[in-house]
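You will see two complexes here that share chain A, one where it goes with chain B and one where it goes with chain C.
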Partner chain A sequence: MKRVRSNDAANPVLIFWIIAGLVGFCLLPWYGIEDFFQFEWLTDGYPFDDDYAPGAFLIAQGQKLWLAPFLVPLLMPLLVLRRAKTDPIYSKILILAGALGFGWLIIQGFSIGIRGWNFSWMEAAFGELDDRQFGMGYGALICASSFLFIFTQGIAARGAINGDVFVVSSIGGVVVIVTAFVFFPIAKMLTAAFITQDGGYSLAVFASKFFDDRLWGLGCLSGGRCGVAWNSLFLAVMVGFLTTVLGLFFALIVTRSGFRYKKVLRALTVLPVITPPFVIGLALILLFGLSGTVTVFFADLFGVQPTRWLYGLPGVLIAQTLAFTPIAFLVLIGVVEGVSPSMEEAAQTLRASKWQVFKTVSLPLMRPGLANAFLLGFIESMADFGNPLVLGGNFDVLSTEIFFAIVGAQYDQGKAAVLAMVLLSFTLGAFYAQRFWLGKKSYTTVSGKGDSGVHPHMPSALSVPVLMIALGWAAFTIVVYLMIFYGSVVELWGVNNTLTLKHYGTAFSVRFDDEGIRWTGAAWNSFWTTLQIAGIAAPLTAIVGLITAYLLTRQTFAGKNAFEFGTMLSFAIPGTVIGVSYILAFNVPPIEITGTGIILVVSFIFRNMPVGVRAGIASMSQLDKSLDESSLTLGANSWQTFRRVILPLLRPAILAALVYSFVRAMTAISAVIFLVSAEYDMATSYIIGRVENNDYGLAIAYSTTLIFVMLSVVLAMQLIVGRINIGRRAANGSGEKT
Partner chain B sequence: MSINAKAAPVSFRNVTKIYGKDVVAVDSINLEIEAGKLVTLLGPSGCGKTTTLRMIAGLEIASKGKIYIGDQDVTLLPATDRDVSMVFQSYALFPHMSVIENVSYGLTFSGFEKSETRDRAHQGLELVGLKGYGDRLPSELSGGQQQRVAVARALVLEPQVLLFDEPLSNLDAKLRRQVREDIRDIQQNLGLTVVYVTHDQEEALAVSDEIVVMRNAGIAQVGAPRELYDAPADRFVADFIGEANIIPCEITDVQGETAQITIGTLKHQLPARGMVPGPANLAVRPTRFKLGAADGLAMQVEKATYVGSRMEYTLATSFGEVFVVSEDVDAPLAIGDTVAVGLDSIGPVLLAANENP
Partner chain C sequence: MKTNTKIRVTFGATALALMTATNAAYADKLTFYCSAQEDWCQLMANSFQDATGIEVAMTRKSSGETFAQIKAESSNPRGDVWWGGTGDPHLQAAEEGLTAEYISPMREQLHPWAISQAESADNKTIGIYSGALGFGYNSDLLAANGLSTPACWKDLLKPEFKGHVQMANPNSSGTAYTTLATMVQLFGEDDGFDFMAGLHANINQYTKSGSAPIKAAGRGENTIGIVFLHDAVKQAVSGFPVEPVAPCEGTGYEIGSMSIIDGARNMDSAKAFYDWALSTDAQNLALQVNAFQVPSNMNAETSPSAPDMSQIKLIDYDFRTYGSSETRQRLLKKWDDEVSILPQ
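== the complex of A and B ==
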């Protein structure tokens, strides 16, 4: 019984992809349609209208004849349908068909664009082309998948990864999408830095932009202004240092002190997740701005003129430190808890005092974690866009400079590309340092075995100042959040302090009339769009992330290190860089998606994928590998094992990845601001727009709403995750599981 | 309907497994495992025994050579498609499935109808003595019960070969003896082909039809338990299976099957095992010495340890130390005593001289 099944197993999958390819070519519109998720094309001239016609119909009508060669690789696999998987012809034909189809798809896609041939040498070689083509659509997408998976089946049949079709196909799929949506845009952006006004390539153009004084100038040493690159670097180092120190203080209090309200401190870690980054900046303006509460109070008290000291380095520094300290706290809490108590207890029994234990054992063991937290703060600060935009004043940093190069009056793609390269090299440098300098030095001392000791408390010489500083900072954080809420119900801050719900009304009013509910508020449009885009992106992010994590933890294959590096890379790419590179890459065929919702979804998937991958890796490495192996020896294949053993055991991790990517998609701003369009406006970019028009009331009211929406989402998730565990225990008792 | 065996032989032909570029885990071994036999792979850690087992399962694919199960060449067949099941050291029960779901798991991929799947799973549980435990979760069972669920889960598939990877290592000492007897009973009643990995020589001697002693990625010796214990092929096997004192000796004369040897002044007669006169080694189990023998070698007591049922002595000799066990606990020797030590007439075995351990 078993043997019969295994010989047939390959064929249904192959048949599926052959049919999918043919459907994509003969039935679905080949080229992109204005809106991916609308289907009015079905009644609008399909299948003969040029815009909606499938590939086969186009050829039959004598158009786009370069699509005709696809018929060969589409039909070729039919030759080997009846052959055994082990037959060498089988794998050869499939590899050939897949490679031909996919290769031709890429070649024709890049060669022929909106204006005919894309390259002048092609026009010279093949003569002028009267025809043109737009971005790929459903048909092309499905054909591409079909070619890809026929190719991976061929590779699997040759014996790669024990002939496992699921694993080979997953690797192929992840490699292709990461290449298309991470490496391709970045490469495109890099080339854009060399393009001259008239479309040629020139090193001189790059050099003139790269060595610009605005980028690297050192004027601030002599009282003038420094280049934006130095500004960014200095700011990032400061933020990295401050967040690490504050984060360590919080972590020490939670794990090594008798402080009673630890749970409250732990709750602080939720804040950065649910807060759009620039909201902190807004709150600081309410406190310390020209008409801010504190400023006015002191101005009255001492009779001095209020100043604009906040706008510039101090403001951005405070805002970023507030925003990113909880992230450092989150990292360091794991590190500080990870130091095995038995190490510290051993030191105590060896006659070290509390202070000596801390200095000679605890702190050195935390060192890699501290460096890690510093680098995270550094990268976050580099990538932050909202706070410098709101508070920067004359203090320009790379991320805002990139934005103004693209959207400002200058509209200089080349300059944006050069700036993005500089920013990218800073963050990649930090990322590289983190991986290769710290990656091998793990001081985690907790093993799987039970470790019954307790962490000793900090020496009091340390704990008193630590507690003071941390509590002071926590209080400040709470004040800042209260200001956000308070600011949303004040008529006009600093001028008219009467309480009002007017701003909420402007943003979220609804009217009931004959036609039902009318969403009349100004914010509804962007609010629904945000929910929709985040809702579509979250499950896709979780799927890609978990499959990648599965491949990384459970499979070994050639090039795995490069694969891991590639998938984690987008973590180090600042959103602004993603934004710029996406507009440059996806404005023209073959992938033409700017101005659509898809580009937002895609950018979220690849921005947040590392989060999903990390969550997946963390929870998958808790599952013993023998679970998979025993499932395999019991006759399940790797797909069945993934679905029936790994996925059910990962349920809490999946939910967390879902919610986290959903929330992150709602709070993101840096990439989004480049990619939004009139039709697809996101909440964050709408708010930034209001801030630029000095409409603080509405902006803050909207931000507050977002914070509460996301807070409830996160809390709901925690409730559900909690219930999953309880549910299992309940099931034990009733014993009704069969 | 009951659980039957479709026991098949396993054959390794020049099988090599290399990890990465140059880590040789198994170095061109040849091995024939008969159908219906329980064969143990025994050796110190890192000797390649687990890799060998995993190659039978299909969890590792051999780098060179061929592996046959029955008549079929399975060298390149992945685990999913092999008719082999395995009991893991950690049991690897799926924590989110009940006991019965665990046991049925493999059956659902084998094309059985639902009712038959259920019947077979219940029979499997009954066979290991866990009838009525089907609705529990693995976490609600004791270690020994989890172990039996893992066995049942593997058995119900009626595999051609059943594999055990150190199945007793997570059990406490008392339970070990019982579980290993249960495994042996089931194997013999159903006539299964079982391959069993362990590093515990006593466990191997107790359960096996045949033991394969492995060393440094290769096979040191294959044989029945008694054969290995009484006639080890070399110093390594002699020392690994039970303890052995290796004593240099001189073969003075070989008459047919019998050899005359001398160790200093001591003369002894024993099977020649094809050796020729000249220097050789003698392997002597600690129990095979005769303390106070008339014509023995004079040795001095260096350590004397009372362990309840017997005395353990370390004795100093002209050629080094020997370790001797004596049943006589009532009149123990004291440290510093000199005693004449002879050899039992059966037990000591001749080994070639100057081989690498």
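== the complex of A and C ==
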């Protein structure tokens, strides 16, 4: 997009989108094509073949006549090309054209599906339609963008946000994609809960599924079994509590003790983030299962019968606490460091004992951090899929029940939808509880004034037990990870402990022959797919996240709060729910992307976007607004300011978002398991298949490899971040993206 | 075309990455849903690709998962052929019209049970292998706990086995549903459910997947697993201390099946695969991956380690009745309401 130089000449941005719309309608295939980018369709009957024809060619041949109305909004903007932006006609025509085009696109997309009319009342009203349409393709996508941005230009021309086309268009774009890929699937899934066997809608169906004893039963109070909802809730609260406490202990040791090996502790925190989800569960089985190393050792020592105590609540609880404590630590370390030492010093000067200072000053000031850490642990536990699957025994939780409602022999999408609603209401409820608990008190302690104090050490009555527990836990984590590595190099764990590299060979063997390298290992296929998908998703996530962050920190507009809620919502939605809602929403036109790589990329973008937004907000609020203002005063528009001034200063945040979304895309399982297909199989779903097949050696070898791959990516990224921090002073402001 | 270049630049990032490096133009394709074990699926996919040059995209999911997927995609099918997995979901898919009718020229080479499977589903599915139900135990654990060796179904009800038996949940696993249906046919419906209730008291966990109980037994995480015998044999051959048992009262069996998905996008490839999968060459591949089921082609080889079907007392399993979704839902509901809620 270029800057508008004068109001009299035709607006180049407008011309661009008019042309784009026409290209989308007249040149590109309107409907989706398999293997679009192999361009076979170009020589295979394009542009007259039904499957490959652009919209214009379809109408010209008298087919799909419901596409004809698009010509009006496509051509309408040409009327105002010579008019000034300030002319009220200009904005009116553009708004009308954009709204008409976009609105009609949605209406026709939802009305006509692969079996003609989608709704029976339409068939009743308009008679039977002897035609059908498939999912939209690139032609439709370009047209949709064209309508959207013509609409936003009209809005901007009316004077919204100072007539800033870039900002209005960004808001429009973000709103549309979040609606399409977060709200639409969730809404679609919620309606599935009300659908009866023969396709009608009924509240009774929902009620019978919702008030099921299996969901809410309280049998465990009287020795039986409790409903899944209570199981999940109880587990999530326990995990939230334990991870917060342990995370706080680690944070206290790192900031407020004389402990020497702080760096080792910090390094430990990276590990679980880059660990594929069920690996910890496997290691726990190999240690504490009925025939686990530790179990057998103690059984022999005390002469007791080994038991299956691990399977069920204890196992899941241990595995999740191991996995999520570092996340709590990462949240808490910032907060614990952020409590201004001057407050604590003031209390000490007033003769408070160390213990009093900690209890009445430090701890209350950490409240937001504690609440955040608890919330994260709670949500992660609710959404966790791998550990309950491996260790759950008869302790069923919502996330696995949702999975088996969909894939089980009963195949009950409605039940899955109801369970997903319960899960979603728990996580959203936790969000609101957290806000309520924090209230409107101020926890700000860092002001612009100099603050040179040092954090006091913990009182020793506290530091000794804290150190003991934290070190014990750290040692446990190390043992678990050593076990994981050991498990990947033995023949058959527990039966034959000969050292071998054969599992790595099976997974990653290569052969050299005349045609070059042949990737013969069983894991290569899913490995490359995973790298590819994660590699595409990461930059897109960062872009969407940072643009959203920019809008939230730097612009004010009506409905900003709702906008913020919408963009953060996907964070509170567990992956299983995303997975279910995506197959329900995107297996049928108008957006038909199940079975493609696109659906994986899209799911990762919207799963991980909130973190990009948060990272962007955090660093953008550190950049003084005067930088933007001086850029704007010097005549740049907001797009140039964003690209030339803000983006280069944001590189650390960009890289953080990149690393996070890359790593999450490689380790995610809960949503992915629903979305993988023959062509696009991901590493995690492949590994879980091996686990199911009792092939622990291969599963663990693959996971270990993934851990090392991600470790090197994270380290490489950190090196780059470091260099850029220095480079920033060299006043080198070239505006490369990502 | 200049405009096209522009679009390509706009979507360059996505385009480049989505483009596959090797681009075999106009190759025939086959989307292959596989519900057997992973290595067998891989081998079938690769061998078929080598034999015909048709490019195969394979997904392995359990038969329940695959059934769910085919049903979800029924308005817009993506798979072409579905191979492997217990016969019930195949029969159910046939009943719901999710799969297509096809009579293969290879049919005359098949065992009668494979053909009767096809006939009970209007030729919408066919038998590719069969396996008998039974159980397996971990001999180390059995000895360590001082337990007697079980030989019959009724032995599993003994109080000494409390907490030692594992089976899958019939709601999520075809194997476990076969167990339930077998008990109903073997002992009659009332006694069959009494048996399931008695067994429930000894069960330590209902797993989600059908073969998980014997895998757990292999790793020493469980003593006795109720599974198909070929799964138990496989664990024994892999080096785990597992002993398979064909129960003395007689037992049910499964017929692993294959179906072509209705409305398949590559119908010709699907039929080519179907014919190929019934050939001796294709069925002999099972031996390479330690799959000990009995192949449906009469001329295919059987492994010496495989359970000898002639030595096993097989009941006359009524696939049509017990594979129908009506009976299935009734039995599952009854099990849910009368067995699964009992205290353990």
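What we mean here is this: the second predicted complex is superposed on the first by the 704 of 738 C-alpha atoms of A that agree within 3 Å, B and C clash if a C-alpha of one lies under 4 Å from a C-alpha of the other, contacts with A are read in each partner's own complex, and residues count from 1 in each chain.
Here is the rule we use: a contact is a pair of C-beta atoms (placed from the backbone, for glycine too) under 8 Å apart; a residue touches a chain by one contact, two chains touch by 3 or more.
Note that the structure is predicted; figures quoted are calculated from it, not measured.
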item	value
Touching partner for A:N694 - first (chain B), second (chain C), both, neither	second
First (chain B), second (chain C), both or neither touched by A:L27	second
First (chain B), second (chain C), both or neither touched by A:D164	first
First (chain B), second (chain C), both or neither touched by A:I517	neither
Contacts of A:R308 with chain B and chain C, given as first, second, both or neither	second
Touching partner for A:L221 - first (chain B), second (chain C), both, neither	neither
Residue contacts with chain A in the superposition, chain B compared against chain C	C
First, second, both or neither for A:L203, with chain B first and chain C second	neither
Complex interface listing, chain C residues touching chain A	1, 3-4, 6-7, 11, 13-15, 17-20, 23, 25-26, 31-33, 37-39, 42, 57-62, 64-65, 67-68, 71-73, 75-76, 78-79, 89, 141, 145, 163, 170-174, 177, 204-206, 208-209, 212, 215, 218-222, 235, 238-241, 328-329, 332, 341, 343
Residues of chain A defined as touching chain C within the complex	19-20, 23, 27-28, 37-38, 40, 113-115, 134, 138, 142, 223-224, 285, 289-291, 305, 308, 311, 389, 393-394, 400, 404, 406-411, 413, 492-496, 522, 532, 535-536, 539-540, 583, 587-588, 592, 594-595, 597-598, 601, 676-679, 681, 689-690, 692-696
Chain B residues touching chain A - in the complex, by the definition given at the top	57-59, 61, 76, 78-86, 88-90, 92, 94-96, 98, 100-101, 105-106, 109-111, 134-137, 139-140, 150, 153-154, 157, 163
Touching residues (chain side chain A, partner chain B) in the complex	1-3, 5-6, 159, 162-164, 624, 626-627, 629-638, 640, 644-645, 648-649, 728, 731-732, 735-738
